[in-house]
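In the two complexes that follow, subunit A is the common piece, with subunit B as its partner first and subunit C second.
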Partner chain A sequence: MPGQAPGVRIDGLTVVYKTPAGELPAVRDVALTLEPGTITGIVGESGSGKSTLALSLLNAVQPPGRIAAGSVDIDGLGDVVGLRGEELRKARGKHVGYVFQAAQNSLNPLKTVGKQVLDLGRSHGVEDLRGLVRDARELLGRMGLDGARVLDSHQHELSGGMRQRVGIMLALVLNAHLVVLDEPTTALDMITQANILKIVREVHAERGLTTLVITHDIGVVAEVADRLAVMYGGRLVEQGPTRQVLGDPRHPYTKGLIRAIPRLTGDIAEARALPGRPPTLTTVPERGCVFRDRCELRMDVCDTDDPAAVAHGDRIVACHAVKVREHA
Partner chain B sequence: MITGEGIVKTFKQRGNVLGAREVRALRGVDFAIPKGGAASFIGESGCGKTTLGRIIAGLETYDEGELTLDGVPMSSLKPKQRQPHFRKIQLIHQDPYSALNPTRTIHQTLNAPLTLRAKQTGRSKAWIEERAAEVLSMVGLDPGSVLARYPHQLSGGMRQRVVIARALTVDPEMLVADEAVSMIDVSLRLGILALLKDLRERLGVAVLFITHDVATSRYIGDDGELYVIYRGQVVERGPVDTVIADPVHPYTQSLLSAIPVLHGLERPGEQPVTPVESMEAGQDESGCLFAPRCPFRGERCADERPLLQVTEGIPQEHACFYPERRSVVARPMSEV
Partner chain C sequence: MTVIARRLAGHLARGIVMILVVATISFFIVRNIPGDPVAARYQKLLEQGMSPEAAERATAVMYGFLPEGTLWQQYTDYMAGLFRFDLGVSVTHPGSPVTSVLGEAAKWTVLPVLAGTLLSFLVGVIMGVYAAIKRSGKLGDFLAISGSLLHGVPQYVLALLMGAIFTTLIPILPQGGTADILFEPGFNAGYIGSLIEHATLPVVTYALASYGGWILAMKSSVVTVLGDDFILAAELRGMRRSIIFRYVARNAILPLFTILALSLGLLFGGAIFIEKIFNYPGLGFLLIDSVVNRDYALMGGAFLLITAAIIVANILADLFYTVIDPRVRSGEEASA
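Let's turn to the complex of A and B:
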């Protein structure tokens, strides 16, 4: 089915949350392109705005948040920022599948999985409900589960890894070709995590999807993503092909983050914590670079000017220091 | 010195539709953690590592075996008599967001255990204030700016430091850190691990680290011992770097193979091991507990249960009839 995978162009996206201190940006001026048929990973720490960015793809940012500027253009759907009401409801699920953080908590505890599939079909006006259940069973079977048994189960009868697969099935069963996975493996064990990531990769290739994975764990992105985007304080600070970014990070935050990963082998002294702490909605500086307080390359200009995201070949980096070095 | 011998714990669930159900959380576990030493328990959720940690911290009883603290067997004591012994062992929870009372300032949080401690040791009120500032400095926080604050005004990393500071107020000999960094932001994790290592070196506090993230267990000290636990049984045990670099038990190898490889920075191991069945499917009680999922199971595995043993040519202890070294761990690109 390749060829159906939609491309996504996010441009100038700013999402603000209303707080007692006024409207504060959780995502600021983000530009990101998801090429059709690729897996993109967004990595960020808590409060980096990564989940807010993902919700914007569904135009589902909840009040007190709102999309203040920018566009999210999805092939075959147009700019979702402009969609409202019924149009928007139909787009969710049918065009964009979303696997929520902790899928274990997003299932209805009172209904069997099969009934939830039927609910989903009815709310989207699917006529062939039998066909839908058959698709659901096949998808579950594809992911190594006994489809018939799972469809007849309530969520408490399923393990964490099984629920996560049910979440993926629900995101795909309406034949969505753009899929967003928010922290798909948090709270799962290592072996289960490896399994789920393998399934994500395989299903992505077989069904011809465009996939976005949101995570705080670089390891997850390293395993599945073609492209990697790093978020910090609501800004995309670096993006590029995964192996290049991991092997040769340019932005000082990306460098620090990679250096801070505990390593299984090699010299433990090579890994170091990043000094300082990540900003929250209220502590993100209004002007200048969001990372400057923790940065070892800080210059005067960082205090006043927000660095623009500049393309260096395949890589896009938002850092004054990197720009200077490139020109030197 | 804390030792456990043949610790068994079975949870019984009554009132099920299908009658009583037994869950064997621990099936005869031996361990020894020397004064000021370090040990890590690793394994999947449900393997019993948290139950073992709670037994060691005195929060859970055991059915069989013996737990010995500084030479005193705990089963010989009445509950009241055990209390002063278990004071020496403090638990640090996974979630620093729920471990602190949100309606109390850090000052109040530290004051309660310190007042108790002052009464026990006959110290003055001034000592309490002094000591509160001291324990906060020990964990790398500035007492002046932290004492008057509430937990919600601190970041996750700072909260976890406060939790550690609170544990230090009662002069413990061992900290049991149960997944203590898994909810901390990646860029701050190493800071907490370095703190635990530092407390070992400066105060001689032993650290028991319970985690599913094997890599973090290296950072509390290279003299640490690693215990790999599967379904309530220790299946491999040895110096942390030895077990990670040269695992011989297929379960340890599966765990290590499942760790994501940082492509571009690391190259994957050449012989990754994947279990043949899922955890739910492999719940046989006969023979080796891992046999139903083991890709290398042999004839003996179905009927006989291997116990932790030492065999020739293998530095660590293992519970496998057919131990074999396999290269499963990713290594840095720079290392050829």
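Let's turn to the complex of A and C:
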């Protein structure tokens, strides 16, 4: 099935939330390209806007938020920001699969998984419902579950890891080739986490998907992602091939993030937390760099000008200090 | 099915114990009311010239136990009567056993109050869904305000208002009673039509009085479910609106069934103010009468009936949950 994987081009995307203080941006001027057939990871702290960005791929930003500017161009769908009503509904699930955080209850507690698969099929006008259930069973079996039993179960009868696999099944069963996973392993134990990540990688390769993984856990991206984008205060501050970004971080925030990870071997004191706090919707500066308050390399220009995202080969970094160094 | 059977058996056992406890309490209350109605009755009969034996027998028939004798003996007599569904004889309805007086009144309460409850439940729940979905619009505001208003107005004010409007200002409905005496009671169109005509005001008033509670409860329940993750998940999976609506409605209505079961239990308490105002001879009417006339046997019987009804309603509600909520079902399996 390879070759069906769609590419995604996000450009100039700005998402604002309506607050008593006016409309404030949660995602600002984000540009990101998902190459067909790749896994891209977005890392960021809570409140960095990464979930909002993920929802934008389905044009599903929840009120009081709205997409204020920009485009999300998906192969085979066009710009989803322009999609409305039935067109949008049909794109969701069928073209773009969305997997919820494991801890979230993404299933109707009153219905068995199988019945919800049928609801999904009916919603998307699937004629061969029997075939759909068979696909669902096979997908679950592929992920190491007893498909027939799980289809016959209610949500409360499934463990966290099982629920997450059911979530992945529901995202894929209609044959979507673009999959967004929002915190796929949060709240799972380490072994289950490793299991789920393995499944994500394998299913991605087998079905020829384009995958976007949203997480706050650098370990998760390191494990699965081909490309990595780092988000801070609603901006993408750095992106590039995962190995390069992790091995040689350029943006001071990425550096701080990686330094903050405790190592399994060596002195625990080597891990240094980044001082300060990430900005919230109301404290994010209107002008200038969003990271400057916590930055070691802060310069005068950071207070006044937004650093542009500049490409250096495969890497894209949005930082005045990095630009100065590269050009010097 | 065995799960439900086992559950039912447990509930019944508990229910019977509860009814016995309530019966015991009401026995001792009646027995210890200042002035001791049982002894008073006995004395009165003696004063009327009855022989002690005859007076004793008459009192025993009335209350189900002998006026003399130890408290324990009276208690066992009373409880033994209970098992034969013998609650004694009503003072205000000479010669009628309490059970048949209650049965007669229940006839006039159960159907109208049941109709009123179900009507208000149905309308309230549907309007509650709209009030929740349109909660940021004018329609939602209107529905919520109408709910609060009707919920806040006392039943008797509503009943008086309805009576004034529909029997005096626009006299289209009869004033009170159960049916026109012109018609021969029985299964004929005239009588049934008159029954319905007379029941309209009490039923509608009762429905209006409880509608507010339903719409408010359903609204808040729907708003809670709308915020649940699985609704957003269903949306992001591109589920049809109609399917999502069913998901919301089914999940939101669940907690309301508890309230519904309780109000169905209270049904046997009658709608005291409404029945009194519309002169409708139901259980509420009877209860008031028995209190006013110090008809203790009847009072005790009425309270016992209310207790039993609430207990039964709770059992039914619980069994109902076993059927409609898979979480309750398997919870039982796990613990059994």
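Everything below uses one rule, namely that the second predicted complex is superposed on the first by the 325 of 328 C-alpha atoms of A that agree within 3 Å, B and C clash if a C-alpha of one lies under 4 Å from a C-alpha of the other, contacts with A are read in each partner's own complex, and residues count from 1 in each chain.
Here is the rule we go by: contacts are C-beta pairs under 8 Å (C-beta built on N, C-alpha and C of every residue); 3 or more make two chains touch, one makes a residue touch a chain.
What you see is a predicted model, and the numbers here were worked out from it, not measured in a lab.
With both structures placed on the common chain, the touch criterion links A:Asp119 to subunit C but leaves subunit B unconnected. By the document's definition of touching, of the two partners only subunit B reaches A:Arg243; subunit C does not. Once the two complexes are laid over each other on the shared chain, residue contacts for A:Ile67 go to neither subunit B nor subunit C.
When the shared chain is aligned, subunit C comes close enough to touch A:Tyr98, but subunit B does not.
In the superposed pair of complexes, A:His156 makes contact with subunit C only, with no contact to subunit B.
Of the two partners subunit B and subunit C, more residues of subunit A are touched by B. Contacts of A:Leu264 after superposition on the shared chain: subunit B is touched, whereas subunit C is not. Subunit A residues in contact with subunit B (one complex) as well as with subunit C (other complex) do not exist. Residues of subunit A touching subunit B in their complex: 45-46, 144, 159-162, 189-195, 197, 216-220, 222-223, 242-248, 256-258, 260-266, 268, 271-274, 277-278, 280. In the complex of the two chains, the subunit A residues touching subunit C come out as 55, 58, 60, 62, 89-94, 98, 100, 104-112, 119-120, 122-124, 154, 156-157, 170-171. On the subunit C side of its complex with subunit A, the touching residues are 228-230, 232-240, 243, 247, 250-251, 254, 324-327, 330. The touching residues of subunit B, when paired with subunit A in their complex, are 44-45, 155-158, 185-191, 193-194, 212-216, 218-219, 222, 244-245, 254-265, 274-275, 278-280, 329-335.
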